[in-house]
């Protein structure tokens, strides 16, 4: 084990996989000469050359689409989206091609590709640059969608993504890039998709989240413990598709209360699926309706004070916990 | 760099009476009969969904795909039956696909728009106009990346040239081509119309092949109804692509005799007269006449080809008809690798 | 009132609005010379000329984006997507521009535009051509998203859309185009957004749906009534955003059971939001968890038998009703 | 058709010493000082998000926007401060927007990338590369549709030329232009780089303005550092666009002296030397020198302009600083018309 940042975990996963398998390559805007807007790929052009570290034009559909073609022919491209907001431009190539070509070819091709990049709000990038995309991608069969919350998961899940046979939407959080955590050294350390984990044990209420919101949930849980004696169990979903709610169900069977935390807009957001599934499966165990903590239902404003109001923070999580515990 | 010089493309002289020309005529006739049968079976309700046939355009795919090698790869849009046939896909399995049968090339999951036969280098079969162009450019990159001298051929219509993914694919192919890393032949199947919209009405500049110069991609126009011309150009430029790793674009000027799709009955966008005019330039008749004049192919030879084609098509229809539909569990396979995982919390 | 098809209702709404307001125009692929793939716009090019009935190249992003610009300058464009599947290509122009420009301009522009077209499965169009998009668009603030289920609503809601100030995603169903129904003759007949309606009264269970699935739900409700004596109340949501669940809540308060029906994939689908919202609001009233009836979680297959298995039908609705009534 | 001939554009002879040239110099100096202040305020933490300044490129927007009329409309990308300033937007309100204040042009909701001032014909301010091009083409169509002789100017970078929406916008503009229905000036602000990717590395064909010929749109290159040249070209082509309703494209070759954005510190993609070289062609100095040589503008005149600019900018910073932040309820306004409806089932 070694202490590493989320950024370095991602970077190392790519380097190790490129060293291991010559079919792995990376492509994206300004990942080479510029060294990456978040410096995840710094030095990689020098190390691997321009055939394996491809600086692309500003052409997200082109990036995603060519990656599909490469993957169908046996390569394992990793596409870096400068931010995931720009991948909307590539929606057709991702949702209608990457996700479906295995199916409509009757299983004749693998599509081992990864689309990765940061998402989320928090540094005043305003409406077009501050979105999260779990529900957007999670709806589409044929994709895997993951949102690691820790450096270890970032590394282990990226390796799983690169080694797989299907297109993976790998949702990072710019706000987590600097976060440190223990990461196993084993170059074959991988974290499977579709296995959520208990990030914090507790018996009073279950908080379900992923990605950056998971970290926020953990902070809220500590506060609840210290200030109100409420012990929250916090579940880290890790994958959005496939979605593993079995540990969540087990937890709710003990706590009888659940809160789901997501950053994006409430309507038709990821928390809706999670809440609906929990209710379907654990209805008789629930002592309160599953609560959702979400961002406000508005395009992200630029002004700092408004952005703070638009995004969920610990107090909202704590408020929701109180609500499901009828402590208001 | 891959060794390309030693096993360069076997070209055939368009002026010579090589036996291959008879073979090409045979295939074109077969495609025609096959497509006519699909139209018939569509009317009979045996084929569902959208059906876009290649009737009138046979010279384009025939002139080019016969110039490719077994290990080359081909991408097409939804008007894709001919491309698959020419790559050597079993017509039985194509027809079965159109019938939605388990024995279809794509297990009945794709249908007419999504023929696939990776074993024969046919990589589909796509329904979103222009959507496959980026895939093809990526495939071409992969072929060079892997150090092979295989090339990629990508077909698309005149109408597809106006969508964003065309532009992005072309520029990336041009850039990669500048480094010798994108051995791809882009083939514009310019049949004069995008559905009901004529070229002058959908493209600000109607000289289509000149548009690709914006991407530093060289190109030329070729008469798509004259398979001699198409094949001649294909032999020349495919050799060059294979050698240089640079993209090239052929605009094959052609015409579709049938409607855009099986539902395009009224065709308010063109006159009967216009279609009649173009029927005078039927690529099959043009080839037949030339082989008759120059190479002594007889009417009897052609009649035989026709007969054989009809028999083969009838066999394909029979095969399709008699094949079983996909089993219900097929619904859930091929979504992701290894038949799973499905959503873990899925109820039903 | 007059009996009219869903197709003619849409067509008439466009014609009446074009006659009323010279700023209304329509654009799309093959809507003019070709007269429309579904013949909704037949004859309109002749009537209004090529300046107001614009045949576009195959360029969905271009269509949606130019419509945004037109709308910002005071026109009221109606964009016909040949099918809504192709609008994925325009996702950025719709989700990041049409939906947000009012907000990030601080309210300086109206964006009165409509994107309309058919969606849904049923005629073997396979994976790339058979999708529905309620959840896809419903997630994004700044848009209105509607899915009328009857000719009257198709006409009245399209008029509301054309006369509004915001971008509207108008989801039609090709399978409904031929359906007939009573449509008011008043040229100013409009149906507001955000008002759902009770499509059938009943007291045993509440079925919630919209669009084509609403019609299916009504058929299922009749069957349930005849064959099992179960009286289902059927709610037609009409709008997805804004989403009006007040009548649903009122219904659930009486029936204590709800079933939500949607055509598309279950995970992160529209029914998740509806079910989660019902549960949040009516938890204490519910005698069973809200059930979801959805399509199977696979890209749409071509083969007729598989397509039938992939899409929801009456038996699934009836099965879900039995389940929430514990009659299994 | 609108009456265009009678009130044609007032052109200024680039060779003459019209007082307008002094005015242009003033504005360019003001923009430079304004942008320097924004970089300062960004470092002070007063400005958040992304900040892309126009330093080095002032000649481009200045030469063109001063040739437009009050009722014309302008679209830009995210490097948009200069465009707003030149359209006549109150600098106080621009700076306030960057500070995220209620008095900002976009009420503090847009920030640097989303300046808007519809009253002055400035229609934004967009953050997705190339995303606004289609909007601008549609706006141009609307202007003709409404029978006016207003025109639209649309700015974008060299890097934006590779995205699909560029292509779709251009082809549609070309098609509509063929009918005289798209009075738009497309301005490529070719500063040599898309972020850290130089033109040769992002465009297969580096002669950018020739790329628009693929859409039947005429164009020409102009030295963006020489505002005389820019303005001369603008006067000529804007008149022509207004008259014909046809699009035109200017490629202004320019250079940005600052980093791509405020975070672009290292600039590994270019050498200090390269930047130094280009500083010799500072558009402000070029204009100043010419006005000094030909028109007798003195150093003292320029010093005064500088001083005035500094004062005006300081006032803008003060205004921004002292303005209140938006009220919390502003979060929910402007999502849709008339402050609502919010989701009816929204809790809390």
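We call the chains A, B, C and D, going by the order they appear; numbering starts again at 1 in every chain.
Quick note on the criterion: a residue touches a chain if its C-beta (ideal position, glycine included) is under 8 Å from a C-beta of that chain, and two chains touch if they have at least 3 such contacts.
Predicted, not measured: the structure shown is a model, and the values here were computed from it.
Of the pairs listed in B-C, A-B or C-D, the one whose interface repeats that of A-D, with over half of its contact pairs matching by residue number, is B-C.
Farthest chain from chain D, judged by C-alpha centroids: B.
Per-chain CA centroids place chain B at a distance of 45 Å from chain D. One simple way to say how far apart two chains are is to compare their mean CA positions; for chain A and chain B this gives 40 Å. For the pair chain B and chain C, the distance between C-alpha centroids works out to 36 Å. Chain contacts: chain C has residues 56-57, 59, 61-62, 85, 89, 92, 96, 103-104, 126-128, 141-142, 241, 243, 267, 277, 280-281, 292, 297-299, 301-302 touching two or more partner chains. With touch defined as above, residues shared between interfaces to two or more other chains in chain D number as follows: 106, 108-110, 114, 126, 128, 131, 162-165, 168, 171-172, 175, 201-203, 335, 342-343. Against chain C, in their complex, chain D makes its touches with residues 73, 75, 104-110, 114, 116-118, 123-126, 128, 131-143, 145-146, 164-165, 168-169, 171-172, 175, 179, 181, 333-338, 341-345, 347. Within the complex formed with chain C, the residues of chain B that make contact are 48-50, 97, 100-101, 106, 108-111, 113-114, 126-131, 159-160, 162-165, 194-197, 201-203, 263, 266, 268-269, 325-326, 328, 330-332, 335, 342-343, 346-348.
Partner chain D is touched in their complex by these residues of chain C: 25, 50-51, 56-57, 59, 61-62, 64-75, 77, 92-93, 96-97, 101-110, 141-142, 144, 164-166, 193-194, 241-246, 277, 280-281. Touching chain D in their complex are the following residues of chain B: 162-168, 170-175, 177-178, 201-205, 210-217. Within the complex formed with chain D, the residues of chain A that make contact are 29-30, 33-35, 37, 55-62, 85-86, 89, 123-129, 266-267, 296-299, 301-306, 309-310.
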